[in-house]
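Below is one structure, written out as structure tokens; the observations come after it.
Each chain gets a letter, A, B, C, D and E, in the order it is written, and its residues are counted from 1.
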Amino acid sequence: MANLKLQQLTKVYNKNEIAVKDFNLDIKDKEFIVFVGPSGCGKSTILRMVAGLEDITHGELFIDNQKMNDVSSKDRDIAMVFQNYALYPHMTVYQNMAFGLKMRKQTKTEIERRVNEAAAILGLKPFLHRKPAALSGGQRQRVALGRAIVRDANVFLMDEPLSSLDAKLRVQMRSEIISLHSRLQTTTIYVTHDQTEAMTMATRLVVLNHGQIQQIGTPKEVYEQPVNVFVAGFIGSPAMNFFSGSLTASGLKIGDQYIPIPAGLLPQNSSQDIIIGVRPEDMYIESATPMFHTEIEAVELLGADTMINAGLGDQPFTARIPSSIAIEPGQTLPLSIHLNRMLFFDSQSKNRIF
Amino acid sequence: SESEKSKEPVAEKGKVELTISAAASLKDAMDVIQASYEDEHPEVTLTFNFGGSGSLQQQISQGAPVDLFFSAAEDKFDLLVAEGMITKDNSIDLLGNELVLIVPEEDTTIKSFSDLTKENVSKISIGTPEIVPAGAYGKEALETMNLWNEVESNIVYAKDVRQVLSYVETGNVSAGIVYKTDALLTDKVKIIATAEADTHTPIIYPVGIINDSKNYDATKEFYEYLQSDETIEIFEDYGFTAQ
Amino acid sequence: MDSLLNSIFSEAFLSPIWVSLKIAIIAGIIVILIGTVAARFFARKQFRGKAVIETLLMLPMVLPPTVVGFFLIVIFGKNSWAGQAITWLFDRPIIFTWWAAVIAAIVVAFPLMYQSAKSGFLAMDRDIENAARVDGASEWKIFFFISIPLASKALISGSILSFARALGEFGATLMFAGNIPGETQTLPIAIYIAIDSGNMVMAWLWVIAIVTLSFLMLLAVRVKE
Amino acid sequence: MANLKLQQLTKVYNKNEIAVKDFNLDIKDKEFIVFVGPSGCGKSTILRMVAGLEDITHGELFIDNQKMNDVSSKDRDIAMVFQNYALYPHMTVYQNMAFGLKMRKQTKTEIERRVNEAAAILGLKPFLHRKPAALSGGQRQRVALGRAIVRDANVFLMDEPLSSLDAKLRVQMRSEIISLHSRLQTTTIYVTHDQTEAMTMATRLVVLNHGQIQQIGTPKEVYEQPVNVFVAGFIGSPAMNFFSGSLTASGLKIGDQYIPIPAGLLPQNSSQDIIIGVRPEDMYIESATPMFHTEIEAVELLGADTMINAGLGDQPFTARIPSSIAIEPGQTLPLSIHLNRMLFFDSQSKNRIF
Amino acid sequence: MDSLLNSIFSEAFLSPIWVSLKIAIIAGIIVILIGTVAARFFARKQFRGKAVIETLLMLPMVLPPTVVGFFLIVIFGKNSWAGQAITWLFDRPIIFTWWAAVIAAIVVAFPLMYQSAKSGFLAMDRDIENAARVDGASEWKIFFFISIPLASKALISGSILSFARALGEFGATLMFAGNIPGETQTLPIAIYIAIDSGNMVMAWLWVIAIVTLSFLMLLAVRVKE
């Protein structure tokens, strides 16, 4: 229920360690923004600046078009899940969740209703009277999440709120957060390292690196049309394969391997040296007319899928194939690539050119 | 100031509470006197504030609501007179005291002041002359007896007379010089000798009414009672001498 | 034996205990309150001259108590501004009153509470305060509901020390509040005077009383350990 | 370089809260055991008992056949990654990692070598002189990991060591841990919520619930032959679909939907009521002879795959299909199930019967 | 002005400063060491009678210093077992020596260090000690390398309080160590005597000296804040 405007936001620690640099982002009311980026790229720092817990070195922060740089946290009406939880160690689980409501002068019955509701959603009912020290890691994280969702704040900030939960609970919590968002429509910034969360929850995804924005877009855009090698390699798990190769009129050369490609699927006006990106799932076994043969180096069984590691023109890659096909290391496989899903990057700037 | 006081509705028939600042060494005698005086004057309550004469003097000079000052040190008393807190007319040198040499109860080596110079005498305690009158008198007496130079290096200065007594009682010093009245308080020390009166300036306990007293009349009455014969006898029972 | 019982239940024996308790409790509470607030303030603020102010706050620890008492009678004495204000207000000087004893106890106990509390506020995880801030708590509510409970160990130790110091306060009280039985004669003063006048039975009884009080106080805060 | 024997290990908190119950596990030298289980099931508690940080309420712990119940932590020669990191806040990253080596009287050059090597692997080189408070969440977790891997302990205990890392770094760290294990062969117990880690790292997987062991086996065994509904539902993401149905002579009835199945693929001697388990990836679109048609309720794009939610005989399920097939909610799809991969569970005991 | 300068550089002025410094530093160090060790021990152990022992340790805070001094001369006096042992060892009694002043300062300052340190050890995150334990540190190494740094805020506050208390110690010292210029006459004693005998110039100079010492001490530990 608020829009946010981050303008040239910059955070410098200790006079010279730049954690966030010239960060520009307009978040519309009701958006669900997901931040992703490598460890240490500044995600938490931005959240903390938005929450008012960290001074803004340069730049301006607006919430509902009001400049917030010097407004105290308590007046920003934000609810936040801290990465390290920051639970109140001296309060019970119930009190932890009730605190924010009490501070905002809700009635006792209303507090009770909301806390119990959240506790039920989070599976914390049996622990309402325990202190955080007597909880498991995942239980603590759920309390931290509960403390935020009981509030109907203007803005939700969630810093990896599900990282310590098991897969099943995580799926469940994810859908709870999604339904919460569709019910309350609270503007949300959500930090995650989980690809599934990033892809399924975001209205827009923000990819960060070294404190700077790499790309902003819908998950589909970011996944299918990454702006550069960094984004392409960061989104998707296992990561996209990159091959350095060179362009010819009618195809590609990767090492000593030649791959013929229809002209319409190749970039124009580009220098000859090029980086080719291929996602593991865009390679497939084709016995009829394979593009190339390769010897399997390693096989990793992942339940439904199997990952195979092999090489193309001496450059290693990973491909994903269904587990139903039994494969052994050492075996030689005929492989093809979905040509229309290949991506091309400039070898100098690393930006995508096609 | 006399006229100011008369304006006060001096508790005619009502209760009067008198605050008397008195030297701690007077405590036991004053307890007895308090009992008998309050019997005779049911309308009067005596509140005693016992302490060191120096502290009492500083309190009064800073305006403590005291009616009567009974000092164990003439110089502190004189300071208040000089400040105009006490008028000469309303004060009197009431009691005297004697300076005695004490040793631990079981000690047999020291028999007189001159024995203090013996080889086997280790430490001798007196009050710090600057702040404890008994110490000043003790030092003076030793000087007069020409013993000071010899014993000076063995002297332990104490904060008050009580401390000298503790040292002697526990045998941590070989001897101490205190007032006779103090020595009588404990049976763990024995008095070996009394300093001749001419070896030191007379020990005087002056008493005086504080000019700011709000109960001048009642104070005056008690002040006069202190000078009565039966009171003086009580003091003498505790070892003081009448001045 | 009978006479011992008589002494124990005598007004003379009990009076210093009540006086001491009353003074130590009131001074203790005041010191705990202002010490905690001051400590939190100084723990969070950096400014020029902070060390100077902190030194002044520490002074009552390094000066002999009698000298502290001397400063107190000068500060509140008849020639001072404060002394005159008090005399005008209450129609009597503060010296020799029960309140003087409370003030003396406050002054000497304050540094103990202040230092302990400050260490507690400095040692604590600031992000928990931040969480409360985000939760909409005002600075005062954070102080009460978060900072104080989180620093509780240090605050308890400060409280123990301050209360004990207030209970044991002697020199400054004797100077500033005098030694007025039933009013300002506290246990330590009574013990001192009893020893001074050779009344060892009473002295020992009072020592036992003060030890018992200290013991009860330690038991009372123990539950939190 | 040690074997572990956990015998009837039990932990009771506060006299009546049972966190771990009668836990029996023999860990052979050089094994890499992975613990998985829902939040609060007792994984950390077991690790803490093995490390000697938590008293053992009942039962016995042996390391190299020596009873360890009363041996101090320091004499167990264990290296541990704590779930909450437990870094030394007053030491730099370097000192944090060097501490254990110092305590074990390594030479200065050896300490330097090992710490620098670990820092390089973990990407912590730029932060060696920072204190933990000035690190991001993921950086802190890497320090915690580094503190363990610099040691060549007898036993490694790792409590979700990669939970705060981004996908890319996590894959990298995972393979570092695997190669570390294949180099040092240190007996390891590893707790994770990440299915990929569990499947790829474990020599044996231990599935826990409510402080008790559900199944022990290789990842493949656990994935393909789960002993009960709990294990089947817990392992695999998205989770296995369960349908309650009834057996007939030649097939299954799920709601009003009849599915003919060859007799050899059906359980024998079972009661009629049955629970059928189908993994999302074992369903596929088949236009020719579909088993059933269903209307798509929701579509979730996950990069390479798309998850569709729909119903079979009124029971909801999730199926995974390649993203290359475009699907819209509301559409009706012809679906089939790989019959030979269906699992059957007793509806009473919830144990697998076929 | 000249006379002021003369006073400042006179032996009479400087001597109590040196005496005080020496005593406060030595007593402070000893108190910090044993207080920290005792606090850690008591913070981690629960046993019957712990409250009784802790009460005894607190006693020097609640008793009038003179009474503490009195106990000291009884305990270390020439008629006591300890006193005779000391006399036999050092060929002279300890009372009235410089060491007596150190002992008096230790006894009165100990409870401050003990309580502060204990609160620090109680407040700290035990899992960090556990991590060190797993890392193979012995209990002593944990104490030195982990517990002490983690409790540093509380230890510093305890050190400030103890040093200040040792520096300001007056009553017990005067009783147990006497008032021997150049040997046991500390700053507080000198100040007391100067004020009591009306020598206000020297009193003020010494007050300034003790304030300066306190200030320097606070500055010295400040870096850690």
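General remarks:
In this text, a contact is a pair of C-beta atoms (placed from the backbone, for glycine too) under 8 Å apart; a residue touches a chain by one contact, two chains touch by 3 or more.
The structure displayed is predicted, hence computed values, not measured ones.
Taking the mean of C-alpha positions as each chain's centre, the chain lying farthest from the centre of chain D is B. The greatest centre-to-centre distance from chain A, using averaged C-alpha positions, is reached by B. If you average the CA atoms of chain A and of chain D, the two centres end up 21 Å from each other.
Centres computed as Cα averages put chain C at a distance of 58 Å from chain D.
One inter-chain figure worth recording: chain A and chain B are separated by 88 Å, centre to centre, where each centre is the mean of the chain's CA atoms. In chain E, the residues that touch at least two other chains are 66, 70, 192, 196.
Residue positions of chain D touching 2 or more other chains: 84. Counting partner chains per residue, chain B has residues 162 touching two or more of them. Every pair of chains in contact is given here: A-C, A-D, B-C, B-E, C-E, D-E. Chain C meets chain E in the complex at residues 51-52, 54-55, 58-59, 61-67, 70, 111-112, 115-116, 118-120, 122-123, 151, 153-154, 156-158, 160-161, 164-165, 167-168, 170-171, 188-189, 191-192, 195, 207, 210-211, 213-215, 218-219, 222, 225.
Residues of chain B touching chain C in their complex: 19, 21, 24, 27-28, 47-51, 55, 58-59, 62-66, 160, 162, 185-186. Contact residues of chain E toward chain D in the complex are 125, 127-128, 130-138, 141, 145-146, 149-150, 152.
Taken in their complex, chain E has these residues touching chain B: 66, 70, 73-74, 77-79, 93, 95-96, 174-175, 178-180, 192-193, 196-197, 199.
The touching residues of chain D, when paired with chain A in their complex, are 13-14, 36-40, 43-45, 83-84, 123, 134-139, 142, 159-160, 163-171, 193-196, 199-200, 219-220, 223, 233-239, 279-281, 300-305, 320, 322-324, 338.
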